[in-house]
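What follows is subunit A paired twice: with subunit B in the first complex and subunit C in the second.
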Partner chain A sequence: MGEFHLFESGSAVTVIIGLWMIGITRVPTSLTLYGTQSAVLGLMAMYLGVLRAEPLLVIVGVAVIALKGIAAPAYLLFVAHRLDCRRDDGVSIAPPLQFFGALGALALILLLHPLRAALPESSLPSIGMLLLGMIVMITRRLAISQIVGFLVLENGIFLYTIGQPHTMPIVVEIGVLMDVLAGVMLAGLLAFRISREFESIDVTELKELRG
Partner chain B sequence: MTVLLLLIAYLAHIAFLPLLFIGLVRWVKARLQGRRGPSLLQPFWDIAKLLRKGETISETATSTFRLAPLASLAAILAVALMVPWLGLPSPIAGDLILAIYLLAAGKFCTSLAALDTGSAFGAIGASREAAISVQAEPALLLGLAALASHARDSRFSALLAPGGGEHTIILALLVGAAAWLCAMAELSRMPIDDPTTHLELTMVHEAMVLENSGRSLALIEYAVALKTVLLLGLVSQILLILAGNQTLAFHYVLSIVLLAASAVALAIAETVMVKLSWRRVPNMLSYAIGASALACLLVAMRG
Partner chain C sequence: MTAIVALLPAPLLIAALALFATRLRVVPVLAAILMGIQCAAAAWAWFPILGTPRRQIVEGIGIDSHGALFVLLTTIVVAAAFVHAVAFFEREKLSEHAPSHRQIGQFYFFASLFLIAMYVVILSDNLGYMWIGMEATTLLSAPLVYFHRSSRSLEATWKYVLICSVGIAFGFFGTAVLYAASQQSGALHVGSLSLAALTTHARQLPPGMVRLGFVFLLLGYGTKAGLFPLHNWLPDAHSEAPAPASAILSGSLLNCALVALWRISDLARAAGQQQVVRATLLPMAVLTVITAALFLLRQRDIKRLLAYSSMENVGIMATAIGLGSWSGFALQAVNHSFCKVAVFLLAGNLLQQCGTKNIRDLRGLLTAQPGRTLLLMLGIAAVAGTPPFGSFLAEWRILSFAADKHMPWVVAGLVLSLAMAFIALAMQSLDMALGNKTIKDPTNVRTRFAVSLVLVPVILLLGSLALGVLLPSSVLALLGGGR
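Take a look at the complex of A and B:
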C-alpha cells in the first residue's frame, strides 16, 4: 500500500464524515463526528510526518488530536448541554435532503472536475470539505451548529495544507490551531450571551433585531 | 462432488444456525437486563411446540393465507443457498439481482397474506413493511452493485472476493454500513422497530403475522430467523473483504465469529437504544442510500 494511497483513503474518510454531518440533526452527534474527523486528520498528519521524516508534522498531528479532536468538541458539548440544545432541524430544507443534494454536488465536482486547470485532483477532497462546512453554516438554525460548520471548513483548510508537498512552517500551523481554539472559546461564550439576551440561539429569530 | 459437499454443509447450517442465533440474541439481551435468560436452545423448543399446535384460520382467508408462509420460506431458502453467507462458496451460483428480488418476492407473499385476512393490524403492518422495504431495497441494491462493478462481475462469488485495487477498504466499509442499516430495516429490528414490542400500533413485522398460528407461525418464525442470519452473514462477508485472501477454514471460522459478534451487537443495540420515531425512519435509511451512492461514486471515479 503506497504512501499516497493511504493518505487518499484518509481524506476520503474525512470527507465522508463531513458529508454525514450534513444529514445529522442531533447536536451532540455532530460534535462527536467533528471530533472524529479531526482525530483522523491528526492521524493523517502524524502518518505523513513519519513518512517524510518531519518530526514537526507529527507534533502538529498530536496537537490536532488533543485540541480539535478532544478539547474543542468537549467544550462545545458542554456548551450545548448547558444551553439545552439537542436537535437542529435546519432552515428551509430538511437535513437528509441537504445530504443528498451535497452528495450530488460532490459527485458532479469529482466526476466532471470542472476546475481541472486550476486545481490538482489531490486537492479536491479538501475543497469538497470546505464547501461542506459552508453548507452546514448556511443551513443550520442554531448558533452552535454554525460554529461546527465553521470548524469543518477549517478542517478542509488543514487537509489542504497537509496534502501539499511542502508543509507550512510549524509556527504557522500551531498559530492557526491556537486561533481556532480561541475562536471556539469565543464563539461558545457568544452563544451563551446570545441565549441570555434572546432566550434562544436560533439564528432565524435574530431577525427580530431589525428595527 | 464439491458442490454436493457444499450443499450438505449449507443445509446443515441452515438447519440449526438461525434458531441458535436467535437464542443467542435473546440470551445476551436477558443477561444485559440482569435476567438469567432462557437456554440457547429455547427457539428450537418454541418451534417444536408451534408445530404440534393446531391452526386457527380466519373464515375470510383464502388459500393465499395458507400458502404464503411456504412461499416466503422457499424464497429465503433459495437465497440462502445462493449467497455465500457462511464464508464457504455457495452451492448455487446466483447474482445479486436475483437474490434481492427473491427476498422481495418472499416479503410480498407475507404482506399479501397479512392483507388476505382483512384484519386492520395486518394491513397496517403490511403497509409499514412495504414502506420500509421501498427505502431499504435501493440502498442494498446500489451497494451490492457498487461491489459488483468493482469486481466487474455480478455473481456473489466474485463480488465478495477480496479483490485488490484502490479503495477496497473504504468501499467495503461503506457498503458494509449500508447493508447493516438495510438489514436492520428489512428485519424490523432496532432502531427501526422493536421486535419484542407488545403494542400492536407500533409493530411492523409482528403486526403482519398476528393472524398466523400453529404450523404457519412456526414456518414464519423460522423464515425470519433464517433471513436474519442470511442478511447479517452477508454484512459480515462484505466486511471480510477487508481480511484479504485467507484459507477457506480460516474464512469460515471468521464468518462464524462475526455472526456471533453481530448477535451480541444486536442484543446490545436492543438494550440501550430507543426505537426511532416513525417519521425519522426515512432519515436513517437515507444514510444507507447515501453510503451506497458514495460507494458507486467511488467505483465510477476509479473506473
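Take a look at the complex of A and C:
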C-alpha cells in the first residue's frame, strides 16, 4: 500500500469514527471511540514513519497510541465511572439530527473546498475533524464530553501535521502531547470538583459569573 | 547563554521550597527575597540586551531587544506580586476562608513555574516552543485562579482552561499551517518553525498559507490575550483569582500573548501580508476597546471593573501591534503593567478589609480609609490614561501613529471608546469613594495604615508617573525606539 493510499484510507477511518461519536450519547462508548481514533492516528504515524524512514515519527506514533489511545481515555473512563455519568443527553437537538447536520457540514466542506489555495484536498479530513470536535463541544452538556470534543479537535490537528511531507520536530510533537495530557488531567480534576460543588457535571449549570 | 541561565535558579528554588516545605511559614518571605534577587539578576543580564538586534543563542531560543524588555517587565511584575503577597497572605489568614499552608504553598509552586513558562513564550524563536509555553501558562495559572476553592472560582477556572485550551488549539493549527508553508518554499524545504528563518524567507512562503496560518494563530493567541469576541473567560478568571494572581495574570500573562501576536504579525508583514493583519487584528482590537468600555459602564464589581479595564488596554496594545508600532505597544505595556498591578493589589487590600467587591457596598470609602482610597483612585486614573501618567503618552503615540497611517476609523473608534472608558472608570471610582455611606461600621474597616500593604503599589505608580514625566524620548530609545 502506497503512502498516499494509506494516508487517505486512514484519514477516512478517523473521520468516520469522529462522525460516529456525534450520534453517541453514552459517555464510555464515546471515550472508547476516541481511544480507537487516536490509536488509528498513532498507527498511521508509525506506518508513515517506516515508509519515509523517519524513526522519530515512529516514536511519536507509539507515544500517541500509549498516551492518547490508552492513557487519556482510561483516565477519563475512570473519572466518568467515579462520577457515575453514563449518558450525556446533550442540548435540545436530538442526536440523529446532530448526526445528519454534521454529515451535511462535512459534505459541504468536501464539495465547496474552501481556501483551495492554502489547503490541498488531502488536508480536508483534518478540517472536518476540527469541525466535528467543535460540534461535540457545542452539543454536549457534561464536562467530560467537552474534554472529549477538545481532544477530537486536537486529533484533527495531529492528522494535519502528519499529512505534511515532513512532520514537526519531535520535541514539538512530544511537548504538545505532554501539554494536552496535562490539560486532560487538570480538566478531569476540575470535573471532580464541579461534581462535588454543583452535584452534577453539567456545565450549563455554571452560570454564576456574567456581565 | 548566561542571560537565560540567570533567569532560572530563583523560580526553580521557589518551586522546590513550596513543594517540599509546605509547612514552613517563611515560604512567602523567602519567595519574596528570591524574587528580589531574580529582579537584580534579570536587570544585570538583560538590561544590556535592550536595544540590540536579534540573535539566536540556542536552537529555538532567540534574544533581542523586544524579548529583553518583556523579560524585565514580567520579572518586575511577578516580583511585585510576590513581595506584596507576604503581607497579603498574612492578612488573608485572618479572614473567614483562611487559606491553608498547603494552599499557599501551591500558589508559590505554580506561580514560579508559571513565570518560567512565560519566559519560554517571550524568548522562543520557534513557533512550536512558543505554543507549548503558551499552553503551559494556561495549565500552570489555572490553580492560581482556583485559589479560593469556591464555586465561583471553580466556574472561572473551568471556563479559563476550556476556552483558552480550545483557542490555543486553533493556534497550533496555525503553527502547523505555517510549517507546511515553509516546506513549499525553496530554501526551507524540510520545514522550519523558526521565526528567524521564516521571516528571512517570508517572501518565498505561499501567501495563501501565510494568511491562513496567521488567522488561526491570531484566533489562538488572541483568545489568550482576551481579544473580542474571544474574551469571555478574562473578566471571570482575573476577578476570581486572589489579588497577587490577578496582578500577574493582568500585568504579565496578557503581555506574553501580545508579544506572541507581535511576533506573528511581524512575520505576516515580512511576507508582504500587512493587509491581512490590518483586516483582522485591527478591527478585533478596536472592537475589544469598545466592548470593554461598554462593560465598564455597567460593572458593579470592583475586580471585574479592573479586569474589563485590562481588556480595554489589551485592545489598545493590539491596535499598536496591528499598526506595527513597537514603541506604542511597548510603552503602553510597561505603563499598563505597572498601574494595573498596583491597582489590583490595592483592590485586594480593600476586599480583605471590607469583605465585599461590590462597588455599591463600598460607597463612602474615602471617609473610612482616606489614604488607601486616594491611592486606588490615583491608580485607576493612571490606568485610564490620565496625564501625567505614562499611559497617556503611550495612547497618544498610538493614536497619532494611526492618524499618520490614514486610518480614521481606528482613530475615531479608539478616541470614542477611550473617552467612554475614562468616564466610566471616573464615575465608578467616584461613586465608590464619595457616594452615600453604605459601609456599616467604618470603625471596623478603619485599620492601621500598614506600610507593607501599600509599599509595592506606591512604587509601581511612581514608576508609571516617572515614565510619563521624565524624558520619554530617552525611554523610547531604550524600548527599541523606531516605529
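Just so it is clear, the second predicted complex is superposed on the first by the 206 of 211 C-alpha atoms of A that agree within 3 Å, B and C clash if a C-alpha of one lies under 4 Å from a C-alpha of the other, contacts with A are read in each partner's own complex, and residues count from 1 in each chain.
We adopt the following convention: a contact is a pair of C-beta atoms (placed from the backbone, for glycine too) under 8 Å apart; a residue touches a chain by one contact, two chains touch by 3 or more.
Predicted model, so just to flag it, every value in this text is computed and none were measured.
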item: Touching partner for A:Pro165 - first (subunit B), second (subunit C), both, neither; value: second
item: Which superposed partner A:Ile194 touches (first subunit B, second subunit C, both, neither); value: second
item: Touched partner set for A:Leu115, first subunit B, second subunit C, both or neither; value: second
item: First (subunit B), second (subunit C), both or neither touched by A:Thr25; value: first
item: Complex contacts: residues of subunit B adjacent to subunit A; value: 166-167, 169-170, 174, 282-283, 286-287, 289-290, 293-294, 297-298, 300-301
item: Footprint of subunit B on subunit A - complex, ascending; value: 5, 8-9, 12-13, 16, 19-20, 23, 25, 94-96, 99-100, 103, 106-107, 110-111
item: Complex contact set, residues of subunit C against subunit A; value: 60, 126, 128-129, 131-132, 135-136, 138-139, 142, 146, 151-152, 154-159, 161-162, 165-166, 169, 172-173, 176-177, 179-180, 183, 190-191, 193, 206, 208-209, 211-212, 235-236, 240, 295, 298-299, 304
item: For the subunit A and subunit C complex, residues of the former touching the latter; value: 115, 117-119, 130, 137, 143, 146, 150, 153-154, 156-157, 160-161, 164-166, 168-169, 171-172, 175-176, 178-179, 182-183, 186-187, 190, 193-194, 197-198, 203, 206-209, 211
